[in-house]
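Take a look at the structures listed below.
Each of the next two complexes has subunit A plus one other chain: subunit B in the first, subunit C in the second.
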Partner chain A sequence: MASFNERAATLPCLGTPACGMSYDLLINAIVAGLLLGGFYVAVTIGLSISFGILDIVNIAHPAFIILGAYVVYIVNSQFGLDPILVAVVMLPVFYALGAGVYQVYFLSFERRGQAALRGLAFFFGLLFVNEVALILVFGVDYRYVTAPYIGPSLRLGPIDFPLRMLIPFLTAMVMFAAIQLFLSRTFIGRAIKAVSQDQLALRLMGADPTRIKRIAFALSIATASIAGALLIIIQPIEPSIGREFIGRAFAICVLGGMGSLPGTIVAGLLLGVVESLTATFHGPSWSPAISFGFLLITLAVRPAGLMGR
Partner chain B sequence: MGSSITIQGLHAGYGSVRVLEDISMTIGAGEIVALLGTNGNGKSTLMKCVMGMLQPKAGSIIAEIDGERHDLVGRSTEEIVDLGIALVPEGRRLFPKLTVEENLMLGGFRAKARADIKRNYEFCCETFPRVAERRAQLAGSLSGGEQQMLALARALMTAPRILLVDEPSVGLAPILVARTIDAIKLLQERYQLTVLMSEQNFNQAIRIADRGYVIVHGKIAFEGRSAAELNNNDLIRKFYLGV
Partner chain C sequence: MKTWTFFLAGLAVGALTFGAARLTGNDYVFFAGYVVLQSVVLATAWNILGGYTGYVNFGSSAFFAVGAYTTVFFYKTFPMPVPLLVLCGGVVSGIIGLGMGYLTLRLRGAFFAIATIALLVVLQTLIVNWTYVGGSRGAYIIRPQSVPLLGSYIQYLFLIMLTLAVVAVTCARLIERSQLGFGFAAIRDDEMAAEASGVPTLKLKLIATTISGAFMGMAGAPFPYYISYLQPSSAFVLDYSVNAIAMSMIGGTSTWLGPVIGALLLGTLQQVASVTASPAVNLLIVGLLLIFFVIVAPNGIVGLAQSLRARMRR
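Let's look at the complex of A and B:
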């Protein structure tokens, strides 16, 4: 990234085609934003399923992502396996974990109709238990992984593609496409989209709503395995780092439109670009303010979110 | 081989409120049976009992599907749907934020329906051209009449042998009521369905019904063995038409 002086020098000619330097900076900021946004999509997609589609306020979703990142860290540091490969192998484990968490949530809260507030407390509890457990086992030091694509960059003319960001971006897009296809093309997928709208009507289609929700929630937690690998590829992690993503992930969910997967990808990429542009031209500390301001303005104009139905 | 339902000595209610008392009726193979009565007499409760949405306090509900007998009491709604019994519920209960096509595809969820999904979908589009035109639209954006057609089409997508329709005419303009009733008759003929239809609109229901039962205060007040018998009955005039 350009130093502060360079940045200051290029500011006045922003947007003027004659000024090549600012164009490069602008394009690089947008590309970096899109790559970051792709990672945000991976972080948010599970929440789009649990919070957006199922109405389960899984505030612990980032905690599962951190857990996924630590699993990747252990296997990578012990056996040197590729982080993303580890995450893919761990998918069934996270799926089963998600199914188990949903079963507890269902039996303790949802079945008794106390899902709203007590469910929130339950997931808050999971978040803290996970965080404290990780601190007890691993301490608060930053942990990272090694992989051949962490470090080198791909250069296309003036544009810089750090592989450390590009690989997570591509992985996130593949995961997004797979989930989108599953939800729109399969019977279970369509039932997942229907389950929070009318459970009785779904029963009349011959589907058990509890089973459908369990599958959907398990799927949402499975995505945390992949998102965890992407996180630890992008940056070193410590147990409480998940908190940084709670606000952002919920913001992307709402910005895109509750339950809309296409909305999630648009909002994720948009937020990435807005943050990157802000960081490049005004300094990183403005990023959260600008992105949440952006969220507020969008909701004022379109209360259902960008692509909400 | 046809499909039928036999209900015997059915008692049901909500908590201490008794809604149905000693209901016995049969819906024979290939028949359209009308369940008549004004609001609050237990028509929907009876439908709920058949579909496993409400556990009866006593009595039996036996369905015969293509020659196989099944006791419906104690089964879950999903299991009953899976046997080949579909309900078009009161108020239609579509998935408003899914498209028309997604609603129809969800109808084909059960294993048996998946095998025939293409044929059933084509038939639905052909029978309900208005619905087919709007396949990419959200179900919640359809008009009331279109929603009722979609609800019927969606139930048909489950490939039922027995079709239950609860109050199809509620909230529809008279011309749409007539069309909905015609559509039920068309589906019944095309698929040799056995149909139980609850309806407040006596004159419309009687157009297509083979037989009918009048329910008053949770009891069967009158059983009409033919449409003509229902038409010329003093009890009906007194309790129901109010003349």
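Let's look at the complex of A and C:
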């Protein structure tokens, strides 16, 4: 422990109340930030597919995540099933929902070539309708789930790993790996990556771009089911909480570089750590501005992102 | 019609509306009418940027809130009559609009839209942490009981908003028919082509974000006096953004008339729904109508009327 204290003395003073114990606090804040960042990756990965690869500005993605969280809440409070298990069972339903939404989007906007302005308004409307409908059904009370891993935490020396954060982190990493493998190893996965580059070439390879896009968009909505379960494990939710994630998700997506999955993971973890450090040393009321400030600066300075295509 | 004639005609319509509202002898009409007129200003302001240049702004409530908080700031430091506060709110919001334009100049449509949401949250966080204007606890504005000539204060606010609505609509119409408006339309239809043929796109976009932001701020400036207790969560609500977009889209985005029709229709519908059902239901109506219109009638009510007229002529 002596070495810790010596190093703590050499560290710059980061925040007013934090001096003296800053090393422990710092390392815990970083770990908490990494765990939080893992969850952000789960929130963003769907958007990285729909916005990053397909160029569909699905601003309603967080709304689907909230919807997933409420489905998990209903099943969990009625039958006591594990939140993540519920989300996995619900994957096909969300996949079908995504396919349906894409079909409407394609027929109404993409085919008419009006995707930009009206498509955006369409998704904005979806976001809003979902939120208000949830408020009408469930009210604005905070809802939460019960699971054995909510509460206890793992301690490794001075570092705290709350299981409430660790389990979502691990789940997010598994989901990320699965999607990365799917996109890089299977025919459909490669076709999804190709559809943003050259639709004509894709057609010549015997794949229908619309079908590929439908599959990809449905997949992106399916990830919202898992992300919703992780969200409600991490914190109690109410319908309008999704807005906070619009900016975060887009910030990560843009910061990582459009459509780059490795970029998404780097940016997600980075944002998690920066937010956690801000919350620890300056107070949590500043942390939303950090992520959005990040986004504004990225957009203004380097729109291509860290690992842009 | 010349712009001046149009402006005077607008004022005449406004005077008639005000007279009719006074005849009812019920102050509730003014409370409800104020909100509808506020929607007219917000939708018209949104349309100057969103409809004419095609850049979607999701942050209308941010500009609205900046106007409102400018009023709170001056209320604490240097009290002024409301019409002057409207001007101040317009100037501050206009500067924010200009700044946003500078920050997002290089962004394509979707990125611009996301940046506006980011701006909304950044500004909200700043206000929440700024205790001078009330912080997250909010600020009280004590309004005078009555004003000379008019009597009740709400009639005074109604009159200010009415004038502002006429000014905003006249300004939108003027822009639409001027060289500026043609430049905006060129940006909306094909920015690259416009740039290539010598349209100063950057300058025009900055003008659009500034004017649009300024009018939104003006619409927000009297708001603290209207509700007399302002907190960040009531000024920065997404509802204003949704309403501004939905009203313009439902009315039709290519002309000044669209947002006016959309705001009057939807605003009145919302007032009725708030009384008969609940505020949540009226927002649900707005969302569903927005989705319905962008899918079925992408050019709004004005677009429907135009195509109907074209069909009759054939």
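The definition used in the following text is that the second predicted complex is superposed on the first by the 273 of 309 C-alpha atoms of A that agree within 3 Å, B and C clash if a C-alpha of one lies under 4 Å from a C-alpha of the other, contacts with A are read in each partner's own complex, and residues count from 1 in each chain.
Keep in mind that, in the parts below, a residue touches a chain if its C-beta (ideal position, glycine included) is under 8 Å from a C-beta of that chain, and two chains touch if they have at least 3 such contacts.
Everything numeric here is computed off the predicted structure, so don't read it as measured data.
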| item | value |
| --- | --- |
| Partner chain(s) touched by A:L295 [first = subunit B, second = subunit C, both, neither] | second |
| Touched subunit A residues, subunit B compared with subunit C | C |
| First (subunit B), second (subunit C), both or neither touched by A:V254 | second |
| First, second, both or neither for A:A96, with subunit B first and subunit C second | neither |
| Subunit B versus subunit C as contact partner of A:R190, first or second or both or neither | first |
| Touched partner set for A:V174, first subunit B, second subunit C, both or neither | neither |
| Touch list for subunit A against partner subunit C, complex | 51, 57, 59, 104, 108-109, 112, 114, 116-118, 120-122, 124-126, 128-129, 132-133, 135-136, 243-244, 246-247, 250-251, 254, 285-286, 288-289, 292-293, 295-296, 299-300, 303 |
| Residue ranges of subunit B in contact with subunit A within the complex | 51, 53, 76-78, 81-82, 86-87, 89, 93-98, 102, 105-110, 113-114, 138, 154-155, 158 |
| Complex interface listing, subunit A residues touching subunit B | 187, 190-191, 193-194, 197-198, 200-208, 259, 309 |
| Residues on subunit C engaged by subunit A in the complex (per definition of touch) | 50, 54, 56, 58, 103-104, 106-107, 109-111, 113-115, 117-119, 121-122, 124-126, 128-129, 136, 238, 242, 245-246, 249, 280-281, 283-284, 286-288, 290-291, 294-295, 298 |
